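Chain IDs A, B, C and D follow the sequence of writing; residue 1 opens each chain.
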Amino acid sequence: MLTINRLGQDEAKVLIAGAALKATEIGVPMCIAITDESGNLIAFERMDGGKVHSATIAQDKAFTAASARKGTHEYNEACTPGNGNHLFGIHTALGGRLCIVGGGLPISVNGEVVGGIGISSGTPQQDMACAQAGIEHFNRSCL
Amino acid sequence: MLTINRLGQDEAKVLIAGAALKATEIGVPMCIAITDESGNLIAFERMDGGKVHSATIAQDKAFTAASARKGTHEYNEACTPGNGNHLFGIHTALGGRLCIVGGGLPISVNGEVVGGIGISSGTPQQDMACAQAGIEHFNRSCL
Amino acid sequence: MLTINRLGQDEAKVLIAGAALKATEIGVPMCIAITDESGNLIAFERMDGGKVHSATIAQDKAFTAASARKGTHEYNEACTPGNGNHLFGIHTALGGRLCIVGGGLPISVNGEVVGGIGISSGTPQQDMACAQAGIEHFNRSCL
Amino acid sequence: MLTINRLGQDEAKVLIAGAALKATEIGVPMCIAITDESGNLIAFERMDGGKVHSATIAQDKAFTAASARKGTHEYNEACTPGNGNHLFGIHTALGGRLCIVGGGLPISVNGEVVGGIGISSGTPQQDMACAQAGIEHFNRSCL
């Protein structure tokens, strides 16, 4: 039997609060998704003004980051076509659900991935900044 | 009427064992999928710690390799955009199920493809090494 | 933070062995899928002669049973159209992935669902008997 | 290693010819699909006037019949809701690709399923009659 640590709802709310604060600060209303360590959704908020299609993308970013245990932007850099590492094409896997656009980050506690956060509605850099802000707020509040 | 040779369940288990041994050796728990010559799943193992999304990707790699009768990394190299061979874009076929990420290999006996193996959770190079190890274990044990 | 118990690969193999033994006994080669508590695949075997389409259905049954924490046959009985409980139609959810055909059972340890088993290729009654046999073999061997 | 018998292209053409003859006789231009024993398409004809959506349904009927090794109409009868056999709901499996509408039949040689035929554009009874006519023409010509 395996024992798995997983984000709870209270912690998911902290992650969203940290990301939303940053989104407000930079003036970009965001879609914010939090998944558990298996990539299944546990919390979601589309801030007033967040983009409709970003609701799906935010979930896919959080899913990808939690499951792959790395940032979606890392996939992005690694799968440039013609780079010889045979990773190009991963972005169409799972019907496109595997998302390589920046803005998804794994959430780790004591070196173990316990969930994922995915942000969408801004540029990848804005999305990444809000994901990072969510994690920093979580680290300050919950660890 | 055609006569087709196809991997049996016992042989699938040998392939998985060989791949898993290599995965343990390099310290990367893998998702390992074996399909028949038509690309349909006959055996699968997600080693403890293998990635959730890799379960689908491993199956898609095995399907692609068995059906195309070549390694998925060969597709990868051939479908770089702008290379003039008009293969770019094949990775979105079948809703993305046609997988061009390295780690899928056809399994051949006497020059005939009898199945496919697909590995996912590591880098493409790690996945390819484990797929190859599975085939070598199969060749030593079953041929 | 939540702490989750989850089937490991060794236990998945025990479940498959128990189900396969029963399948051999009744003379129906089966597709056998084991998922973790989140419904993600950890092990699969299509016994020689198992049906191609049953590979997907077995996985969907295991997914549904693990996630819903009940047998798929219980959904079946509850979602007869016109029975007044407003459950009819659940079988088309998730693109049909939510499976209400008998043959999926949750796997519980100390009252907690740690995974799911799904069987397909026979009648629902045969599938259910093999799923139950897998669980009984697991209970005898692992608890 | 398993040895599988599979319809060849010449035999597929005979099956289509037999079905098309019957379709012409009853005045209903049909979509006619032939799959191998794994449910993968080997031949298809939309007779002039055949219905567009029936191209997919004919393929799904042939796939289902080959894989399940029984007529799609048998599924239809068995999965009436509320009949207590826990099969209701099978028709939405595989995203609806598992087809329980009459008109799909397995093709058997010496008791072994070697392929499937699926017909669509008429009533289920007309589709079933043409599928049966295809098989009888095949049995007369090829066995």
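Here is the rule we go by: a residue touches a chain if its C-beta (ideal position, glycine included) is under 8 Å from a C-beta of that chain, and two chains touch if they have at least 3 such contacts.
For clarity, every value in this text was computed on a predicted model and none was experimentally measured.
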Same residues or different residues where subunit A meets subunit B? The copies count as same if more than half of the interface numbers are shared.
different
C-D or B-C, whichever has more C-beta pairs in contact
C-D
Determine the centre-to-centre distance between subunit B and subunit D, using the mean Cα coordinates as centres, and give it in whole Å.
31
Distance between chain centroids, defined by C-alpha means - subunit C, subunit D (Å):
29
Chain-centre distance (mean CA atoms) for subunit B and subunit C, in whole Å, is 26
Multi-chain contact residues (two or more partners), subunit B:
8, 38, 40, 48, 52
So, with touch as defined above, which chain pairs make the list?
A-B, A-C, B-C, B-D, C-D
Which of the residues in subunit D end up touching subunit C in this complex?
2, 38-39, 63-64, 66-69, 81-82, 85-90, 92-96, 98
Residues of subunit C touching subunit A in their complex?
1-8, 11, 36, 38, 40, 109, 114
If you look only at subunit B, which of its residues touch subunit A in the complex?
48, 51-54, 56-57, 60, 72-73, 75-77, 79-81, 83, 88, 91-92, 95-96, 99-103, 123-125, 128
So, in the complex, the side of subunit B touching subunit C is made of residues 8-9, 38, 40-48, 52, 55
